[in-house]
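Shared between the two complexes below is subunit A, which pairs with subunit B and subunit C, respectively.
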Partner chain A sequence: MLSGLTVSERQLSLVVLGLLAVCGLAMIGAGRNDDALGTHGFIVLGVSLGLTFLVISRYFDPEPSQERLSEYYDDPTRAGIILAMVWAVIGMFVGVWVAALLAWPDLTFDAAWASFGRLRPVHTNGVIFGFGGNALIATSLHVLQRTSRARLPDQFSPWFVLIGYNLFCIIAASGYLMGLTQSKEYAEPEWYADIWLVIVWVVYFLIYIRTLQRRKEPHIYVANWYYMAFILVVAVLHIVNNLALPVSLGHAKSYSVFSGVQDAMVQWWYGHNAVAFFLTAGFLGMLYYYLPKRAERPIFSYRLSIISFWGITFMYMWAGSHHLHYTALPQWVQTLGMTFSVVLLVPSWASAGNALATLNGAWHRVRDDATLRFMMVAAVFYGISTFEGSFMAIRAVNSLSHYTDWTVGHVHAGALGWVAMITFGSFYALVPWMWKQGRMYSPKLVEVHFWFALAGTVIYVFAMWNSGIIQGLMWRTYNDSGTLAYSFIDSLVAMHPYYIARTVGGLFFLIGAVVGAYNIAMTIRMARAAKVREEAGTDVPLPRPVATAMQAGE
Partner chain B sequence: MELGERDPVTGRHTTGHEWNGIEELETPVPRVVLFFLAATTLFAIGYWILMPAWPLGVSYTKGLLGFDQREVVTRQVRDAAFARAAWTDRIARASFEEIAADPTLMRHVREAGRTLFADNCAVCHGVKGTGGPGFPNLAAGAWLWGGDPATIAETIRIGINSTHEGTRVSQMMAFGRDGVLTGQQVLNVGAYVRSLSGQSLSEAERGRLAAGKEVFAANCVVCHGDNGKGKHDVGAPDLTDQFWIYGGDVQSVHTTIYGGRQGYMPHWQDRLSPVETKLLTLYVLTLGDRQ
Partner chain C sequence: MDVDHDSLVAFAKSWGLFYLIALAAGVLVYVFWPSNRKRFDRAKKSILDKDDRPGE
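After this line comes the complex of A and B, so read on.
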């Protein structure tokens, strides 16, 4: 990793790490009266000192040769893949744990940190930001270079983004365990973590812009539209929703500048667009590169891509208020949320359809190749969950589905079926390219993973659909006396078997992810052991000789 | 647009662009996409015309249907209350005895009381009202404050050791911790208390009975009564029956006498209507029936 940095970049790293260490010290100092802030100060200090030590120990290594500029810079992508898989296993393990907690509440072992309210955000942030975010960073840097035919602008900033981002994730997750939260779903981290993420994110955006500026292709490929939308919009959402005033600079706790129904609206404008631009746009970027690549088919329709892209980006922005139907939010806002959500179905399905139609002429590959099958199933689940989402956004439907497990089922049709499946599919395509291997360590294990993942998703989603609808109906059934027929406890008793089923489904999915992590680890070992620099095949800058097309310092 | 090669599978041209091997076809947007785009947009526009939809500065377009979610829910709540009034009014007017004697009203009590109890009281008293460690069994008929309906209704209204100004106060002092009794005396009276309910005692306990009886007579009878049968006016439980709030084993009894107990039962005056309180009172009284 470090031998790739030039001497001036190594110096820059030391400066940045020094500044980070100072921040860590300041947090420790300021956090004298606040355990959480102090603990986070120690984490920041520890990470920066550890990395400083690493940089110093390799400081006098030979500089990378000028030849590097004629190659893509893939080290951060490789690290990102590994980090994503680590977070996948952690996040999904905690997912299975919280699932089990709902069936057997005693599994907290009387420890505060293990209570449902603290573990749940560790799960959601672990899988979305830890697993999903690292996967997005890793693949976006890969796709960006290949489709622009340009190397990343420098070696320092991608590492800054990747490591900085993971530091944010660690601060977030450890904060939840200490009981720290802003109480905004998917925006739980406190103010100092939020500020740090803004810095990291700006650098990420700049990498994108600077690379695109130097592209050798006349046009910008669709995948990059989506990745760009993801980075840009997430920045806007993150900044607005996290506007808050800390109790004092010496306290981890802060209060949102919004209050009441405005707060709710801003939160769900953020929350829904986190689904739209983090969990959808980013992963559509992934789909648009790895699916045609693996299927070796051209994209079905360029025009459809345009319609879907602008449809999705425009329409999603309005949809957030469908999370607040039948609340104090003025009804006209709910109307807009609902109607735009309904129209949104069309560009969403157009994307899914575009992906599936791209497979025309490659269905035999889908049958034989589990990697491509992951991507195909992902597109199908993308279609299912966007249909379901638009349906649930209709007020009358929402009055049944809201606050029930149906929502959780819907989330996981998207999260497991779409987000995780497209990621695994892309990784299985990408890992052999990145580690210069002809194939994964074990294609059989990819097949095993596929079936575990599919079975787990189906069990999970069906369990939650059933439990959600039963729950919703029980909550609105009246008896002859005109009072509620069931108590809340009655509905909990009815949920119990489904919660057990969901735990089993989640366990299947987790086992699949562990198998995948093992397979990827073994592929890396295979690459290390063989030490053969196999010819990279099609995965080199095509087709003009890049060495001349790129200049030093680019 | 300049076209690229023809794709052999679909027979379509590519757009002529290529990114690291990826190409795109020139396929026009399928009709069905355009159709649904138009259909959903029309639906949206129709909905906007009928319903509250677009902001106009300080106001908004009200929609032709004049629909207002606040009015709708207010009306629905009012209608539902009106429909229930057929029997709730009778509950409000009738005395406990009259209601208990009326099978139709008691059917409503059982039906509505079950969910009301499960949603408000079961967290502490259990779904069947049988209690658990720290929470009394309401189905046992072993009342702390008395089992007549008016007393129970009052307990529900004001709570026990609650924040209500008229709350019932339940005080079992910390005889051991506060030094009123010596360690040995606590052990002695504990053995005596356990003997009251006819539990089998160990050899050592039996040896303490006589001394324990004296301690009990000197310290406990004011509240628990001469024979240990409890007193309703101070909420002191009957120690001779088989029903325990905190447990009748050696350790629990010792903990009670050593450290004292102050059970907490919230007051419901601000949360339940008088009719609901009445209903719950009657429902609580039926809990014993199923034992």
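After this line comes the complex of A and C, so read on.
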């Protein structure tokens, strides 16, 4: 893959890696008294030295030919798919682990790193940023090139984004295990990791702008609007929410510049828009490209897709305060968030409906093709979770649901049913195109994955709905003398069976993801074998029947 | 200048409303503008092209 870089790009890589190594050394030096910073310095140094050796070992390879310019640049997309699947397996495994911890709290082996508080952010960040983020980067680079009919502007910057982003994820996850956190949900990494992510993100946005500038299509296809909103808004959110002062430059810990209820409002403005732009907008970009492609039908209404785009972009911004109902936040701000959340249902259902209407007339294909079925189920869960979210945002409903497992059920209807399903569907469409195969290694295993994923999601979500509502009701039941009827521990005991059920649901989902990772790995092997055969001539037996080859990107 | 809570609320309640209405009107005009129809139709269909190379 490295021989795809031109010589000047190889030089640039060495310079950048050198700078990174210097940063690593500085962190080691500065972090002498502070374990976490020093350990992170060693990680940064190790990664930059390892990559330097890799670049040097390929430095004298012949330059890529000019012919490359008449093809799209897909190496980073391929690497991104693999990274996303690796993170999926890790993140979901840790998820099942923390689910088990809630049911059997003694499973921590008395080790600090294995406590619930440290493992939980490894799970949330692993799946959201590791799995989701890599999937977004990989697919966005693919969609961007195809829909603008232009190759990426250079070969260096996509690698910088992909590798830099994964370095951020590693720093984040390893920090949590060491007990390092900013205590802001979904924004736990400390200041130096945050600064690094800003640099990576700016380069990512520039790739988008530079490619769009050179586009050969008059109109920018709507999927790109969603991807761009994702990149741009996440940049703004990330910068504002992470404004913090480090204790000193030699210390990993920092403190937010905001305080009290302002800090809470900024955090949930961030938190909710992370849901909106990280977990929704980017994945809608996927939906608007891969679903029509796979169904071989244009989107039902292009105009509707534009209206819902602007609706989502402008309404989500105001909804964050529904996370702070009944707090010190002024009442009118809570009401504002509640109202916008309810109205938000309109553009959300417009997208879900647009997707389902696109499939109308192709239901036989949904029946036969598990890949398309992944996407259809994703659209349905998108509709369910946004309906549920709008409902839970109503203050009176939230008084029942807040702090309970109902929220967790909602999150996973969104995260498993919508985000992960659309990603797996898109990957199963994309992988054969990227590795130039007629189909996945095993369509049967795609089917297996689909049913594991669906069963896991349904078990999970129903367990948490039940548990959440029971919990909420127990906490607000009074007896004749006007005191609470149940102690907190009573509600915990009532939760126990649901926590076990949730662990089982999560395990199903994890098994599905492992099957998916295996299937993708075998498809890549199939492509390698085909290449070897091609190079060795034709006088070798075919290992297995290969379906007629399709054009890449078909 | 010292902005107190009430004036901020008044500003948000009035101008917030106006700008969202203006935005909604703007989007609707753009979407239904007759000459945009051709571009949208093309964008909608052209992603289904099987050609997998950058344009010249």
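As a working rule, the second predicted complex is superposed on the first by the 531 of 554 C-alpha atoms of A that agree within 3 Å, B and C clash if a C-alpha of one lies under 4 Å from a C-alpha of the other, contacts with A are read in each partner's own complex, and residues count from 1 in each chain.
Definition applied: contacts are C-beta pairs under 8 Å (C-beta built on N, C-alpha and C of every residue); 3 or more make two chains touch, one makes a residue touch a chain.
Note that the coordinates shown come from a computational prediction; the quantities given were computed from them, not determined experimentally.
**Q** With both structures lined up on subunit A, is it a clash or a fit for subunit B and subunit C?
**A** They clash: once the shared chain is superposed, the two partners overlap in space.
**Q** Just to be sure I read the superposition right, which of the two partners does A:P292 touch: subunit B = first, subunit C = second, or both, or neither?
**A** Both partners, subunit B and subunit C.
**Q** Quick one: classify A:K216 as touching subunit B (first), subunit C (second), both or neither.
**A** Touch status of A:K216: second partner only.
**Q** Once chain A of both complexes is superposed, is A:Q331 in touch with subunit B (first), subunit C (second), both, or neither?
**A** first
**Q** Touch test for A:V342: subunit B only (first), subunit C only (second), both, or neither?
**A** first
**Q** Tell me which partner A:N360 touches in the superposition: subunit B (first), subunit C (second), both or neither.
**A** first
**Q** I'd like to know which partner A:A485 touches here: subunit B for first, subunit C for second, both or neither.
**A** first
**Q** May I ask you to decide whether A:G50 touches subunit B, subunit C, both, or neither, giving the answer as first, second, both or neither?
**A** It touches nothing on subunit B or subunit C.
**Q** Which partner does A:R303 reach: the first (subunit B), the second (subunit C), both, or neither?
**A** both
**Q** Does subunit C touch more residues of subunit A than subunit B does, or is it the other way round?
**A** Answer, by number of touched residues of subunit A: B.
**Q** Scan A:E71 for contacts with subunit B and subunit C and give back first, second, both or neither.
**A** Second partner only.
**Q** Could you give the residue numbers on subunit A that contact subunit B in one complex and subunit C in the other?
**A** 146-147, 149, 217-219, 221-222, 289, 292-293, 296-299, 302-303, 307, 330, 332, 336
**Q** Okay, in this complex, where on subunit C does subunit A touch?
**A** Listed in rising order, the residues of subunit C that touch subunit A are 5, 9, 12, 20, 23-24, 27-28, 30-32, 39-48, 50-56.
**Q** Show which residues of subunit A lie in contact with subunit C when the two form their complex.
**A** Against subunit C, subunit A makes touches at 69-72, 145-147, 149-151, 216-219, 221-222, 289, 292-293, 296-299, 302-303, 306-307, 310, 314, 330, 332, 336, 433, 551-554.
**Q** Could you list, by residue number, the parts of subunit A that touch subunit B in their complex?
**A** The touching residues are 146-147, 149, 217-219, 221-222, 289, 292-293, 296-305, 307, 311, 326, 330-332, 334-336, 338-340, 342-343, 345-347, 349-350, 353, 357, 360-361, 479-490, 538, 542.
**Q** Touching subunit A in the complex: which residues of subunit B?
**A** Within the complex, subunit B contacts subunit A at residues 7, 9-10, 14-15, 17, 19-30, 33, 36-37, 40-41, 43-44, 47-48, 51-55, 60-61, 67-69, 73, 80, 83-84, 87, 107-108, 111-112, 114-119, 122, 127.
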